[in-house]
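Per-chain residue numbering starts at 1, and chain names A, B, C and D are given in the order in which the chains are listed.
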């Protein structure tokens, strides 16, 4: 497969931007293989994803960003990112004690479903080392004290590892610790969490217990980017499953696990494919 | 079709209760045509619905309640209700300005789907009188002042009508007013509301606007019994529909309408069929 | 609201078509308010929907089709249609004996949800005249003999009415008769049917009975355009609902009704909004 | 946890059977911890699942079957099976080349979600040996010739292994070979398959290609027991996911995988929990 460039942009909507951008790529002999755009008619914003083959494109790949910036960025108040399909993102996974999301992620990785590298798994517990071992992925444990007194040191060590491994984004696969603001700032819109409820219902701890107490007839799971405010970041994907009065907190936990792993993996897929734009506190997900 | 008796009961769970109750009915020549029970293993409570044909049953229908009370109620700390299939419940509908739920309810009623009478529709606006007229159902309007200063009088008039019409339960079909505690006390677990969100998310006003602001990927609707606390009563039924970043508050409103009417009508169906038991703040829904 | 032009096109995909078309509209001062396109990478076909305001557009509305044809149609082997938002399509409804879909369509129509006129309802039975009367819509009955011996005459009369009323598309709202090839040819991709199964499962008569016999755990409904082959036309919309072993053919029929009416109305909505393109035996549905 | 006995029965429905059976267990001091029954009012059949604690039950476990047979079986034309919660079923997995279902099954097994043993994985290809190795489960390969000339020998070898390992049921985790009638007879209603379509739509090969060609808007997966007729056995579980015109056969395959693995695992869970009764060509699934 040929390498391609992926451009994700957003800017205030004006007539002609789509024409200009597609003309630019076509004029310099880029073969467009994907184009999708969306206009937010309330905020009057344009969002766009274009992908074109690098083969034969007259502008060298390391100049694309500069040219695009010069020609369009200021003129249209455009924010944009360029990615290349042959540059694999590097993903770190954080886990605590539950294996279902981790297995789901690693099974896809091992099957070659994703254009991604996973150089490390990080945890506050030893429990899931055997899973990492099964897949031959280095597993790092930094236990957090009960009083959280060593959290700063732990985060420092984690950050060093993330930098050393050149990690591009983080997946919290039922990681039961709060992420510090420092780490969030280092990875803005690049930390993906799975929350085991249909957000914004049941924020915080024990959502299945909360759902049981409230007597809902449907439970959900939510994949979102982590921001400073707990469980309040941009939502990437949600799904639900029907329950009945017969369900207990335990059976909800079991049913919820299937939701959690599928919803998380769908979100991670979209992120790896560069199909997510964030704007304000929301996501635009291209198809 | 023969008339039948429907018994809904709940009590602390003990071995043998199901045996005793079914034996009682069978011994006195009642032909059981429906039996479903559920044991809440956490609260150790038994919930049961039995329906049997009155034809040939040795205990006269007006004595069933007394006999059942004498033989089982005290002994098993049982709460129960007896209904008869040939006694149609009488349903009042409250509406404001939106017609979709009202049309859905009345279309089912007119098609003969429900064993129910609808002797009146009550509103705070004239807007939907034409719908009531289409179906030849009396339409009563008591406008509520903007400052709600006349709410007591309005409720008094409404209550008089409900009593005069011998109303057994109330359906709020997108009725945009708060129901007073007095009315709730008069119809405990007998006022059915449709809330246009996936409760407990987006309680209160403008849930579609709230959903839009939060950027959820799924919206819902919730049918529940009205209790003193706003949008917090026992949930009868919920359903959801998938949305995308392309949806605006207006398109959410449109998509939500289909959810609202179907979810409300499912809840009303279960109520009319006497298939709902409430316990604590939850519902047990028999199949 | 200003009037707008809606262009639906498909053609073999070539670089630059989107640019050319959007440039054409923008150059002549059309304000584009909607643009969506989709490239079928397997068949190498481009599908596109553009909507722009007529106000200020330099080409008179009655010349748009000609200009577009001259400039693009031959050059790009393009098939296209132009619609105007201020020209209401005229919809005929065919029914037999069941009211649920008819009520659902008419409730939306009466609430003003749709930019459509409904000048007539056509049936082979008197049963639903009362519904037409409730909504003050002329109701025409042509009974079909049991041996179908008068079907030609009936269709002729129906066709005359459709022409007289200048009907642009037909909705079969649980109409239990086969539509003749002549009528299909007169309204190609303009007759919308609701089939009460998840097609292509359970084609033909009694799909709920078939679903019951097969023991499926989910039932569905399918809205599709009618073609010469029974239940085999392009699918517009489908949806499903979960069932259990407790369901009987009768309860399936009841549950299915809610699906049928919602799925049919969703399909009709998309058709009225000019958001459907058909290609081969499939639909492209714009968002 | 205490051991319990699980009784699954079906018989023609008569008044009093539930009373008799529950009384029998209670009289001999069995503590009932689960009771669910269902009456098929069309076929007039009763289906029942009862579970009671063995601790304190007066009839020895190896006599339960005999007593039950003597007291009820002939009298009520009852078919029944007794299982014990402390007897783990032994499950064999058959695979070909795709890993997603296998990983899903083994991740649950390894996490201890299931009361089951998995002593062997059987395949016609070497491809998935690495997965078996990751989980330390013996992996047996018997390649089938292209002309299927050695199928009899292969099946003979497989049957020997199944007997040697005392296998109680078989899971076909995307095993792309036909199972012989001999094996089906040896494991009646005990071979669980996942078919990658919403049966009975798209029976046979390449269902995703078929779904693509037909232009459906929803795809599904079906977990069913294998019978002599291809893809026609009793359905245990189904689920669906929404697709659009943008989906290709490849993207359907990807989306389908998540369905397949979840639907298969749900079916296997119900089988392991002894919550499935089959009757005619259908399943009764207890909650």
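Before moving on, here are some points about what is shown:
The rule we apply is simple: a residue touches a chain if its C-beta (ideal position, glycine included) is under 8 Å from a C-beta of that chain, and two chains touch if they have at least 3 such contacts.
Since this is a predicted model, take the numbers as computed values, not measurements.
Among the remaining chains, the Cα-based centre furthest from that of chain B is the centre of A.
Chain B and chain D have CA centres that are 38 Å apart. Here the spacing of chain B and chain C, counted between their Cα centres, is 36 Å.
Each of the following residues of chain C touches two or more other chains: 41, 244, 246. Interchain contacts join each chain to each other chain, per the touch definition above. Residue ranges on chain A touching chain C, taken from their complex, read 15-16, 18-19, 22-23, 26, 31-35, 37, 39, 41, 242.
Those residues of chain A whose C-beta lies close enough to touch chain D in the complex are 99-100, 103-104, 107-108, 110-111, 113, 134-135, 244, 246, 254, 258, 262, 265-266, 287. Per the touch definition, chain D reaches chain C in the complex via residues 38, 40-42, 198-202, 214-218, 220, 234-240, 244-246, 248, 280-285.
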